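Residue numbering begins at 1 within each chain, and the chains themselves are lettered A, B, C and D in the order written.
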């Protein structure tokens, strides 16, 4: 019961975050191709953030799947993750509207790093209370290498943003695509858990 | 469990999309009939898109009904559909605010086409993993003819938009009404599935 | 299953409608009591509409409670109700921002009438498919008198709005309060249905 | 069933409230550190309100956990709580945009007091219908002392806001942190209820 409501609330918040971002794509007053094309950076930012939030939703889903008892620590780590994700529409909009200006890309990368850190805290809070062996959690832990590469990418993307912001955005894009590719171990563990 | 959360998340996103569109109907500062009537194109666009998103919700519902195991492919096809639907408030607002200007109607039709394509990918992703015979899916597949007519309508509506935008909107309206009429086969299969 | 998703979707849409209305209370730039008090008509409109949407949510809940099979007719009547409710943030905002100007109050009353009509269609669509006797539905039908009084109030409120808009708003307020008072028969039927 | 829908609706509304607050952090047009730092008061207000709404969500969750029959009284007390929470994005935005000006902080404290009062009404409405002994409710009632301290803090924070607004905000922050620390008794009762 407890867990169902935590999932429902998180789903609600994530669904709203992913959808209100589109409100930052301000409708142009002219009906010209030029006006539409001027939105390209805003649109690219939106696509990237949609992808990123979608990935967090999927991973969140897997993490919560392994939970038995919802502890206060899990609730607060989850709130921390939702909070950092709630800043994504802001950092996305700022980056898009300012055509990937240095500082805005750096902040966007910081936001990603912050989200990743909160997801890490959530994972640890869940691990703390896993009494029995759990194949799904084991599979999630095997993605550690991928997590560390991602953190490294963000840590590089932040300073790079001040010199080559486009490279920085590309790096974040690569890390997103990396997570969008489903992990075989996690999938197998999920399949088994369902059976 | 898995499927429930996918449905809940999709429901959340679709519910938000269908509702935030109303925010694009900007409240006029004057309390006159003239100011109200000036919103007619925005309102018509809203009605059309509300109908369209409602239809997608219904069809999405039927499609997901046939799913047993949620695969990564299904998740990503579903995300693609939600992404393309999330652009509807933007294309609707642009079209309405610019009184069905040529380019805006064309983009609106492209958005419809894109949503239809994503729904098609979702259907295929689901079909890939249907091991047993499924009456509901069979009924859905029988709507193929309707799907092809719809695609044809959109493909015609895009170029037509540049010459007779109103005709183009009317065509999209017709295709929406076509889908709003419930399909006897799908209904029967749903009834049977419930029993 | 079917019904659960219809409820979930409706809950989502109603929750969003009731919450985005607050976005119409534009934050004043001055931190003065005068700026705050200038929002009084907007705030009163918000309170009234919050109450009204909350009542619809409760009644919707009761109506859906009696449903066994979700038919296409029920889905579309429900969509019609959600559509008319989705216009409430707009009509509320227009009325509030224009300090209960004649036309805006009339439109607000029309919106109420429209919502009532859609709820009536939904009730009929549900009645069509009730095969067995249903205590809850019987109790709901006993509220017919209240429904007719409400419709009469709205029908009076529309023309009155053009002469005494404040009286019109007061009438709508009275009808809302009338519905906010729980109906003994419905409550008893709900209690019994749960046991 | 009844209760599930009340929870789902409340979760939806709270999820939207907590998320649309971020829309009040207006995206600056310049990509400078100065423009970003100018948002500090808005950001601090957001963090405080996010924390506060998150706490209400958790406590709401616990309260509802003890409910057996959803009575009209519970529904309306719950609506009252949701209504007062729905004003938080407004009072938060006003306070943030005006850099913690006296009046805005006072109103923010009033909003907190109002939410607390509604939560108190909800608790009483639930207590009215608890027939059997309930460990969780007993644990919740043991937090009475904390509730009274909180009310006292708000009552002090309102007048203090007119002289030292920052002290007032700090007081509210302290009360939030006080509630964010999980209550041992409530946790134990929840654990036992689950077993």
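Heads up, the rule we're going with is that a contact is a pair of C-beta atoms (placed from the backbone, for glycine too) under 8 Å apart; a residue touches a chain by one contact, two chains touch by 3 or more.
Worth saying up front: this structure is predicted, and the values here are computed from it rather than measured.
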Cα superposition of chain A on its sequence copy chain D - rotation in ° rounded to nearest 5: 90
Centroid-based (C-alpha) most distant chain relative to chain A: C
Distance between the centres, which are taken as Cα means, of chain D and chain C, whole angstrom: 26
Averaged-CA centre spacing for the pair chain D and chain B, given as whole angstrom: 37
Residues within chain A bordering two or more other chains: 8, 12, 16, 20, 23
Footprint of chain D on chain C - complex, ascending: 7-8, 11-12, 14-16, 18-20, 22-23, 25, 27-33, 36, 47, 50, 54, 57-58, 61, 65, 180, 182, 187, 190-191, 194
Contact footprint of chain B on chain C as seen in their complex: 1-2, 5, 8-9, 12-13, 15-17, 20, 23-24, 69, 71-72, 75-76, 79, 82-83, 86-87, 89-90, 93-94, 97-98, 101-104, 107
